[in-house]
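Take a look at the structures below.
Each of the two complexes below includes chain A, the first together with chain B, the second together with chain C.
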Partner chain A sequence: MSEQKLQSQTVQTTGHAWDGDLQEFNNPLPVWWVYTFYATVVFAIVYWTIYPSWPWGKGWLGGLSDITYVNSAGETKTHNWNTRALLLEDLNQAAVAQKPYFDKVSGMSYAQIAKDPEMSGFILSSGKALFADNCAACHQAGGQGVVGFFPNLTDDDWLYGGSYDNIHQTLVEGRRAYMPAFSEVLGGEQIDQLANYVAKLSNIGHDAAKAAAGDALFHSETAACFYCHGGDAKGRKEIGAPNLTDNIWLWANVPTASGEEGKVAAIRGVIANGLNKGVMPAWAGRLTPEQIKVLTVYVHELGGGQ
Partner chain B sequence: MNLNFKHEWIETNIGLMAVLTMLAISVGGLVEIAPLFFIEKTIEKVEGVRPYTPLEQRGRDIYIREGCYTCHSQMIRPFRDEKLRYGHYSLAAESQYDHPFQWGSKRTGPDLARVGGKYSNEWQVQHLAAPRSMVPESVMPNYPWLLSTPLDISDAADRLKALRKVGVPYSLTQTEYEDNVTRFGETVARQLHIPDAQKNLVEQANFGNYDGDRSGISEMDALVAYLQVLGTMVDFSKYDDDAFVDNR
Partner chain C sequence: MQTGLEDQLGLYQKRIPIFTRSVKGRFRRFKTSVLVLAYAIYFLLPWLPWTRLDAPAQAVLFDVPGRRFLIFGLTIYPQDVIWLALLLFIAAILLFFVTGLVGRAFCGYFCFQTLWTDFFIWIEHEIQGERPARVRLYRQPWDREKILKIGSTHALWVLASFWTGISFVAYFTYAPQLLADFFSGQAAAAAYFTVGILTLSTYAAAGLMREQICTYVCPYGRFQSVMYEPETLAVHYDARRGERTLGRAVVRAGRGIVSERRRVDTHSGAPVAVERRQAQMSAGQRALAERHEKGYGDCVDCGLCVQVCPVGIDIRDGLQYKCISCGLCIDACNTIMDSFGFPRGLIRYDSEGNLAASTPAAPKLHWKRLKIIGYGVALILMSAYLIYSISTRGSFDRAVNQIRQPLYVVLSNGDIRNRYQIRITNKGAQEQTYEISARGIPEAAIDLGNFREIAIKPGHSGLVQASVRLPPELAMQTRRFEMVITPQGKPAEARTETVRFDSPGQRL
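Then we have the complex of A and B:
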């Protein structure tokens, strides 16, 4: 077979022979291939002159292509093409388009923004993107939170206050919840009494006798719950102590606990173990003041702003 | 191409052919690697970048052990969408003490180069143990054993010694320690002193209590400590936004 093929072809050989009769064919490359190759060489040379390419001394050749941008110090600069300069140019262009809106945001009061339909639309669209990138991991995409971990932002119950200024402060500084573990100072029976009292405050099934004892304990110096949650148990927003009378639950997973005893047990767990969590990061270093203002309005408009 | 004589000469001298072959294939390396030893613009000059503390380093080892890099990159590229989502683009200087670096190019999950401080420790712990309880649409696996597995701290010093061998400035002698004090300040230098590695690790874990459980040091403590430091070492508010434009 191979011998037949050999005879039928008129291909040139490279000319040299080994061991007397070992020869090598010389099949030239197709013309289109050769010219494509030359074209890529020409392309490379053109590319080198336009874009950064060869190492040169302690740096490299920058190329002839330029990018002009305005930096954060307000200076207009021209730099040879590179991706970092390109990013600045890109950000400049976006900033120019967004500037009128962000300037308006920083110049307007919260009340003015709420009344202006065009600004409300801007807040809704840009706030939605900011919320999805930065807030939704904890507070969930719709702001509904996770019972046991992160507060619901769509209801009108606010740990630290629901006014624009309160929300703004929460975003800028972050928050940290703290409640001592009462198992260290109270007995199991006392904690049970307190849990029944807290259940009673929200009209959940409870033991009336235990709740009465818990009421006394709540307002006593022994447990001193009233220091933080207030004499009326409606909480103190200055320190983030929650209202215990509204049947809205963040830490104790009362809604999904089954039966009267299960719900009281959930409350008991929080009183006994306390809280040293509920940390919200501070966003001042990560987001711009305008972005934080947009988010303030967005969160306020999620439902329960006051 | 009528180079019959030379061609045959090379092909019949295997030693010469080996030498010439090596010369030909090292061109790529010489062109791409050698200039990096002479160019002074590759690594940005920034303040704040330091080697990891013993606890963070253990967390990093767990990050690699669990294969986090197969779905998460640590390289924010200089594009507008990445800046808006993740923050400032990553600098070469920020991974100068990473061996091996975790830049990656596969993003099934989000980039983690600046995840430090973005979420609370509590979120990280819950999310690692059960990702879908925090992010319903997530496809990340559960890592519950991180919470229940005590951290092996017996080799904390050896791990730093190994990194010292490849050039990370952990200190073994008093002189090296003093160099680190000059270079990073005393607080950081103490964390980098190999003889104190185990003590420093325990102190940081107990103080930080990253996993929310004070009864012991778990692998979760180490991993969360590592995640919370990612991308936080450089304070970008100190620099103009075009401070690093020449380094590219």
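Then we have the complex of A and C:
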């Protein structure tokens, strides 16, 4: 039935005839296509009216719609609709949503935060983002640091102390590690003796005779190592002088050095050349006090604190 | 060679309107009961109340902002998406299974396009009358009667479409509140948008496009065709019986009986016995015998099977891609066969193989095929797993992730420390406290900070950091240990997670 119907619908011509029999097909577009096209035209005009569209003078037509948001300071801002304003709106919405938590953080003591499961969850997620944005460039994503450059925050050795207050001070004021280059005052033989002594402190293979000489040198006024590292070589947290008797290595890359000789050589390098590269910037002014507080708890949590 | 203009076919075919005649019968009754049941569920389910502590009292609620589906006593969270995936797999396999057995049964009886079109045709029928009346109305000029009847039909269609949209949205928010908000302009923009789209699409699909959706738009109809096998039952016209040698013929009353009398005269049998036999034969049987003798088939060419067809095809042309196998032509033909006293089943559910066989048997379900059994087994296995998975679901979800940056830390005294993040999600209806412990390592080795126990609100997650510290010798021996999470007071629901412990120099 439908086949017959189809047969009867032949193509029409425009009715013109040239050169006697030359005719022109009239193949109109399908009705649905034409109306869809008209609909897109109408849509485009509506779109221009609502959103930024044509260049106009030195600027552009802004469109009728705009974006209004309340920023974290409580001010209402209105922009013409554009994707940058959309981003600002999103950022401010996030900031407004986080504000109650940050307000709560600033009103709580460290001990209270540590015991509150909801706040701990907030610190873990917001602290992770803050750490990734500000700290991970040096201390790495997980806080594991880089031996020879940036301290590991996940171990239990805290150069400047691992209490909440110590960490907070480190963040606010920054730190600067310094050790003089002993090649200027000591001979190579003496530096080698000191290196063997430091290896002995950490139970690494060493030359016993050199280590004994190094022990004397360590506690003598000539090298005066004990001024900073202490008589027991366990360091002084007030000035960030590291404990030399534990298994943690920051500056001398002992863990990956091969063989006893290599490990001692790594220690020798640090004693000879000293250190003037351990700089932690001060974050006061760059981060808000609430953000610093969140980071304090987050970093404390990384290594378990002290 | 260019053909003449008059031979060129138009590429666009205008829709030929279909006016279906209503019919009574087994398949019509089945279709109506499916329609009533499906509509009862779809339109009433969002209004079914269900008492809940922490959510609106609605039995089925897809709480998108709350990221959970509430289905009677079951709460489904995004992490249970595997159930949805399984459900979709089961639905797909069920479609393959049924199509392999009885053809496009989904299309003909269960598809929402079929249901809504059926309902819209019913509205059309109630207002404009039976097929001849509707054809007359279609042809008559736009007078008062036509405007009123066509107008009210479309108005009712729009109303039905609108309520379809409202009911859909009611599944996503508390229904009574939605209704109040919707008509006072307070509902969410998404609600108005969704109702608008669904009203338009339902009106267009079930009112205006109808069979064109099945023919041109729907992909399922197309790929169901490839699942047909010679043994698959489908709606078929028995051409051998219907056409015989001379084809169809319209019935003329009384001819059958005359023919029988003549036969008695020409044959030299015992007239009394023949007449007794004829007395036992019904008028229909006699008429049929006469047709067969002349070479005519059983089809009386009444055209009713074409008139009732919702997709506008003639089933007597054979199995075709437009057929949604709704069975209405079977009902129509059976009605006619009954009225003539001919046996039923000229159009029936049968298989292509059986119809082509030299001695056709009675149509029956051929399920002993590798494909059907395979689909059946897959269906049973997946359904069983889904039911098992839902019925043995835990009251909480947990994930224990080892912190991988760094994998391990060497501490100042040489001990090795690994850290873990434990996330517990309370899927129950009450606040619950969870206890965390470790198995396979010394008790003092695990440090959970302040959270050896953590209380979590329903639907919420809690995050706990655990650090495990082992002396080097023990660390080298410990490759794995177990974290045990126990809901307080419910030791039976405890769940164990095996986690790795890494230390320097350790090789797996």
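The working rule: the second predicted complex is superposed on the first by the 210 of 306 C-alpha atoms of A that agree within 3 Å, B and C clash if a C-alpha of one lies under 4 Å from a C-alpha of the other, contacts with A are read in each partner's own complex, and residues count from 1 in each chain.
Assume a residue touches a chain if its C-beta (ideal position, glycine included) is under 8 Å from a C-beta of that chain, and two chains touch if they have at least 3 such contacts.
Being a predicted model, the structure only gives us computed values, none of them experimental.
S.K.: Applying the touch criterion given at the start, work out whether A:94 contacts chain B, chain C, both or neither, answering first, second, both or neither.
M.R.: In the superposition, A:94 touches chain B alone.
S.K.: Quick check for you: in the superposed arrangement, does A:58 touch first (chain B), second (chain C), both or neither?
M.R.: The answer is first: A:58 touches chain B but not chain C.
S.K.: Is A:215 touching anything from chain B or chain C once the two structures are fitted on A? First, second, both or neither.
M.R.: In the superposition, A:215 touches no partner, neither chain B nor chain C.
S.K.: Tell me which partner A:260 touches in the superposition: chain B (first), chain C (second), both or neither.
M.R.: It touches nothing on chain B or chain C.
S.K.: Looking at A:173, would you say it contacts chain B, chain C, both, or neither? Reply first, second, both or neither.
M.R.: Neither partner.
S.K.: Which holds for A:285: it touches chain B only (first), chain C only (second), both, or neither?
M.R.: In the superposition, A:285 touches chain B alone.
S.K.: Is A:144 touching the first partner chain B, the second partner chain C, both, or neither of them?
M.R.: Once the two structures are laid over each other on A, A:144 reaches chain C alone.
S.K.: Does the superposition put A:23 against chain B (first), chain C (second), both, or neither?
M.R.: In the superposed model, A:23 contacts chain C only, not chain B.
S.K.: Indicate the residue numbers of chain A shared between its chain B interface and its chain C interface, in ascending order.
M.R.: In chain A, residues 140 are touched by chain B and also by chain C.
S.K.: Can you tell me which positions in chain A touch chain C when the two form their complex?
M.R.: These residues of chain A touch chain C: 1-2, 5-7, 9-11, 13, 23, 25, 27, 30, 114-115, 117, 120-121, 124-125, 140-144, 152, 154-157, 243, 246-248, 255, 301, 303-304.
S.K.: Which positions of chain B touch chain A when the two form their complex?
M.R.: 4, 7-8, 35, 38-41, 77-80, 83-85, 87, 89, 117-123, 126-127, 133-136, 212, 237, 240-242, 244-248
S.K.: Taking the complex as given, what residues does chain C use to touch chain A?
M.R.: Chain C residues touching chain A: 5-14, 16, 306, 312, 314, 403-406, 409-414, 417, 419, 421, 447, 449-451, 454-456, 461-465, 467.
S.K.: Using the touch rule from the top, collect the residues of chain A that touch chain B in their complex.
M.R.: Listed in rising order, the residues of chain A that touch chain B are 14-16, 52, 55, 57-60, 69, 71-73, 77, 79, 82-88, 90-91, 94, 133-134, 137-138, 140, 146, 149-150, 276-281, 285-286.
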